[in-house]
C-alpha cells in the first residue's frame, strides 16, 4: 500500500490530450470490409434456380419464387431465391454452395425499416442500392468446394486395346467410384424435366449413394424399362443441364444408371419389382417393332394387365438398339438382359414377321384391341451426289445391320464416311475396327456438313473415334464421288459456310473455292435415316393426319387419329432411345385410357 | 382480473396463491397477492396535444433525448458497449443508457427473446414511462431468425409489444443500430411513435398473445 | 521423444482399463484417441466405478455428464466423462438406463457441479436423480408443460410453429415439381 | 498451499449468523425482518449476459444465494439434432457471443475426428490465429471489465475501443464482425488478406500500450487492490471438487491449460508457458487474465511469424448437403479465455448429429461455485465476483 498505488492511476489523465478515436460519421465512414457478409446479390441471368441455397439454409430463410422475365426452360427452373431477413443469419453458406456462382453477398449492412414485412426480397430483381457493390463475400477460391467438382474417371479400354475388337470399351464404375460420383449430386432435380422420360434421377442417384440397389432399380423401372441399355447409350441430355456442371463437371448420370442395373442380377428383377403374378385383364394389344418404343409400351402394358404381342421383322429383338448400335458400345448380352425381363412378363414376340408382308395392319386392327407402332427409321438416306450409285457406296445403317447379323461385309483400305451424327461415328468406329483386323491399320475419314463445334454426334463419340485413329474432318459439303475405271478414287468436298438459312430451313451455303479431296475406295453415307411406313395401307392412311416431314400426327397420349393406332419412337420424335422409351410409356397409359373408355 | 387462466395456476408460486389470513381480531381475510398488492388499472391512451406546434416541439424533444433501458436481451447486446463508448459515441446523438425502466423511454430488444426473458421484458416495458419506443434488432425479432424452430424463443416480437423500428442483421453492427436510432428519431418527429398508445388500444390482444405462451403468469396483468 | 510419450500414455491407459476391467464389468471399449477411451458399465455399478476412478486412479477432474436419447432402443445413455489431470487422460463411462423409468443414482457427492448437470437432465430429459440438491426446481425453463424438450419424441419445429406465430405469407416452390408443372409434356 | 489471509476484509465476522436449524439448513425467516431478498439481475447492460441471482441479505452481507439461469435458452442442442452437420456450423456459433470461434472450431474438430478428415496445415495455422484473436478480443472486454465492476469505467472505454479494432481485423479476415463463421468443417473460409500482417501489428502495438496503461490504472490502484485482494477467495482444494478450470484454476496455483496439456491445432509448435498465480482471489484472477492477454499478444505474433505463406484452406469433404458422419462419439476440448471448452458429440451415422453437448466453463463456475463464493460476501462485491469468474450465461443454458 505504497503512495505509488495512489498516484499511478492518475497517469490515465495523460490520455486527455490524445486525438479522439471517435468515428466522425459512423453511418457513412465505415463501409464493410472486402469480404464482409452483408445483404444478398444475385445475377439473375446466371442463376438457374436449382434451390441448393434453399436446401442448405438452416433457417429456411430462402424461398424459391417465380420472377418475371425468367421462364421455365431446360436447365432453368425459372425460380429465383427470395431471402427473408427475418430469418437470415448471414452465414453465406448459400453463397458457398451456389452451383452457378450467381449468388454473392455485398458489403452493405444497414437496412432499417418500420414495417417488418419489408425484409423479404428477391436479390437482383428489386434494384437495391447494394446491387452494384463490388465488395462483399464471394465463394473462396481455390480448393474450397462443398461438393466434388470433378467426375470420377470412368475406366475404359485404351485405344490400343479396343481399336480392333468389339468388346465393350466402358468398364463401368466400381461401388466406391459410383458412391463418390453419386455424392456430388445436389438433388435439385432440374435434370428431370430435360429427360424425355422424366426419370427420377436424383432419387436413383440417392439410391446409389445409400447403396440401396433394389430401391434404385424400382425407381428406374418407374419410367424406364431398359436401364442397362439406357445406362450405356442414352444421349444423356440430363447431363447437359446438370447444375453441378456449371462450376465443375456434370454428374455422370448415365453411368450411375448403368451402375444400378449392372449390380442387380436379372434373376432378382421380378422379386424386386414385384411383378410376379400380374393379373391378365383379357385385352390384347399388338406392338409393331421391338425397339425401345415397342418394348417400353409392351412393358408398361403388361404391368397394366394387357396381353401384348410384338411383331419383329428381324430374327432378334431390340430393333435399332441391336441392329444399329455396335457391340463395343452396347453388348448384346446386356440388351438381352433388359429384353428377357420384359418378355418374362408374358409378352409374346413373333420374330421374322414383317407387317405388310407376313401379316397386314388391318388384320392386326381386327385381331387386337389396339395397336402400337414403333417401327423406327430403317431406311438410309442418300446424299444423291454423283457417284452414289456405285456398288462400293453403302448406307451406314445397312452395314451396321449386317455387322450385327454377323454377315461378311466389304471393308476397303481407305473409307470415307459422309455424316457427323452418332450413327456416322458408329459406322466409322466399327469399320475402323474391321480395318484394323483386316489391314492392321486405320484409314477412315468421317466428314460432316456441320462445323466442329456443331457436330450432332456426342462429344465423347468424336473424341473416342479420334483416339481410335479415325479422322473426323468437319465442315465439308460432299460434291462428287470420283470414279475412275469403275473404282472409287475419293470424295470431292467444298467448305460449308452455313447449313440453315435465316428462316431456319435446311439450305446449306458453300464456299466453292475452298475445296478438298478425300482419297477413298469405299464411301459410306450416314446423313440420317428415313422411315418406312409402307405397311400402313392407303385406307388406313386416309384416317391419319400427317405433319411436317411425313410424320404421323399424334396427340399427347401418342394416339393417332385412327383411334386404335398409337404411334411412337423415332418415327415421331427423336431419334434416340430415351424418346422412344418415353413414347412407349405414354402410349401404354394412352392405350389403357382408350380401352377403359371404349 | 388476475388468476383467470387455469393454465397459469399450475405454475403459480406459493406466495402468489390466493390464501386466507387470520386478522388480529380473529376474522378471516382472503388475500389474493396478485390482485391486492398491485393496481390493476389498464393503461391509458394519451392523446397528442391539439396544438400542432406544441406537439411538434414535444416530439422534437422526445426524439432528441432517447434514454435506453440497459437490458440486453440477446446476442445483439454485445454491440451496445461499442456503441456507447468513444468509437461510435452514441451520446452525441442524444442516446444514453439508463439502468432502470422508470428512467428510460427506449427499449432495445437486441435479438431473440426466450420465453422466460419475454416475461421480464413485458414487465420492464410496462414500467417504462410513455411515450416509449421499441427498437428491434436482428432477424430474430422479425421472423424468428436462427431460432425459428426453437421451442423457447418467440418468432415475432410485434405480437407481444409494439415495435417502432426494425434493424436487419444477425447481428446488426453498431452503425446499423445507429441508423435505427436515426430512423426512430424520424418516426418520432413525424408523430408516428405511438407505441405506448397502440399498446393501450390493443391491450387485450397483446395480453392474449402474451398469456398464450407465458404459462406461469406469475404477475399482475399490468405493471406500471 | 514424442513417440515415447505417445506409447507411454497408451500403456498407462491400458493398465488403467485393465484395472477397472478386473473390478467392474465393462463392455464396448472404444479407444477414440490415445488419451481418450469410452467404456460402458451397467447402471448399478456406474457410480461405484466412477468413485473408484476418482479415489484410486487419479481421475480428479470431472468433465461433464450428459444424456443421449436412443429412442429406438428405449434407452437413455448417460455419459460421465472423467479426466486424469496428472496423466492427461480421459475416460468416458457410459451407462444405459431405461427410458420408461428414467432414474439414476445421484453422484453430486463426488463433485459439486454434478448437481447442476443432474438438474438439467431432470428438466431437459426427465431423468430423475433422487437426492440431488434442487433437482426438482426449474433450472432453465419456466412454466414448461410439455414433454421434456431434449427427448427425441419432442418435435421442436411443430411446437414452435404452433406456439410462436411464424410470420405468414411465405411460399416456396420445389424446382423439380415446378418444372414438372410447367415443362413436362 | 497456504490459504491467503483475508487482510482487506472489512466485514465483521458474521459466520454464526444466521443460525443453523437442527437439520443443517439456515434459519432464514423473511418475515422476521432480519433478512431481505434481493434479485441481482436478470437484466444486464451487455457485460455478462442475462442471469439472475436471488440473494438473501442480512444487512449488506449475503447469507444465501441462488442462481437462476435460462433467460437466454434457445435449445441449441435440440436445434442441432435437426440440422445437417454443415447447418450446425452457423448455429452452434451463437452458443457463446463473447467468443464464438471456439464453437466453430470444436464442431469442425468433432466432425473431422469422427469422419477421419485431415485438415490442411495452412488451415490449422489460420484456425489457431482466429482462436487467439477471439481470446484477445474477449480479454479486452474482461480485463478492464473487472475494474468496470468497481465503477472504474475508463479501462472499459479503452478496452472496448481496442476490441473494436480487433473486430475490424476479424471482419477483414473472416467477413464477420462478431459472428465470424470462419472455421468450417474441413478447413477455413479464406486466406489472410493482403497487408493483414501490417495492420495486425499496428493493432497489437496499441494493445501493448494498453497493457501498460491498464497496469497503472488497475493493478497499481489502491482502490482496486483493496476491493479485490482477499475477496472471492477460491480454496485450492475446491478446484477439483467444483470442476474449476482455466484462469480460475490457474489463479489458484494449478498449472492447467488445454493448449499445453492436450495440444491441439499448432500449439505444440508455439513457444509459451502456462500463466500462474497463487492468491486465488479476484486480484489474482484479474492478474492471470492480464498475463493471458500478454501471452495472447505474444502467441499471435508467433503465429504471424511462423505461419506458412500459402496453402490449401480446406480439405475436400463429402457433399455437405448429405454428409453422413460415421457413427461414434467423441469429446474434444479447447482452451477458451474462460477455460476448458469442449464438445461432446455423438453421431449415429446419419446426416444429422445425434447429440452435441457443450461443456462450458461457466456451467461449473457460475452456478454452484458462484453460489458458494457469494455466501458472506458484501453486496457490493457480487458483481466483481461474478465477473472475476468470467460468467457467460449463454453457455450455461445454451
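Letters A, B, C and D name the chains as they come in the text, with residue numbers starting at 1 for each one.
By definition in this document, contacts are C-beta pairs under 8 Å (C-beta built on N, C-alpha and C of every residue); 3 or more make two chains touch, one makes a residue touch a chain.
The shown structure was predicted, so the numbers you read here are calculated from the model rather than taken from an experiment.
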TODO: Could you tell me which chain lies farthest from chain C when each chain's centre is the average position of its Cα atoms?
DONE: A
Open item on the list: I want to compare two interfaces, C-D and B-C. Which one has more contacting C-beta pairs?
Closed with: C-D
TODO: Report the inter-chain centroid distance for chain C and chain D in whole angstrom, where each centroid is the mean of the CA atoms.
DONE: 22
Task: Chain centre separation in whole Å, for chain C relative to chain B (CA means) - done: 38
Open item on the list: Need the CA-centroid distance for the pair chain B / chain D, whole Å please.
Closed with: 30
TODO: Between chain A and chain B, tell me the centre distance in angstrom, where each centre is the average of that chain's C-alpha atoms.
DONE: 60
TODO: Provide the list of chain B residues touching at least two other chains, using ranges where the numbers run on.
DONE: 86-87, 116, 142-144, 146, 148-153, 156, 170, 173
Task: Per-residue multi-chain contacts in chain A, two or more chains - done: 21, 58, 84, 86, 89-90, 116
- [ ] Can you tell me which residues of chain C touch two or more of the remaining chains?
- [x] 140-142, 149, 154, 156-157, 167
TODO: Specify the contact topology among the chains shown, as one of line, ring, star, complete or other.
DONE: complete
Task: Residues of chain A that touch chain C when the two form their complex - done: 49-51, 54, 62-66, 72-74, 77-79, 84, 86, 116-117, 120, 188-190, 192-193, 198, 202, 556
Open item on the list: List the residues on chain D that touch chain B in their complex, please.
Closed with: 42-47, 49-50, 70-75, 78-79, 82, 90-91, 94, 97-98, 141, 156-157, 160-161, 163-164, 167, 177-179, 394
- [ ] Note which residues of chain C are touching chain B in the complex, please.
- [x] 140-146, 149, 154, 156-157, 159-161, 163-167
Open item on the list: Per the contact definition, I'd like the list of chain A residues that touch chain B in the complex.
Closed with: 20-23, 26-27, 30, 39, 58-61, 84-90, 109-116, 119
Task: Footprint of chain D on chain B - complex, ascending - done: 69-75, 77-82, 85-87, 97, 99, 112, 114, 116-117, 120, 124, 146-147, 149-153, 170-171, 173
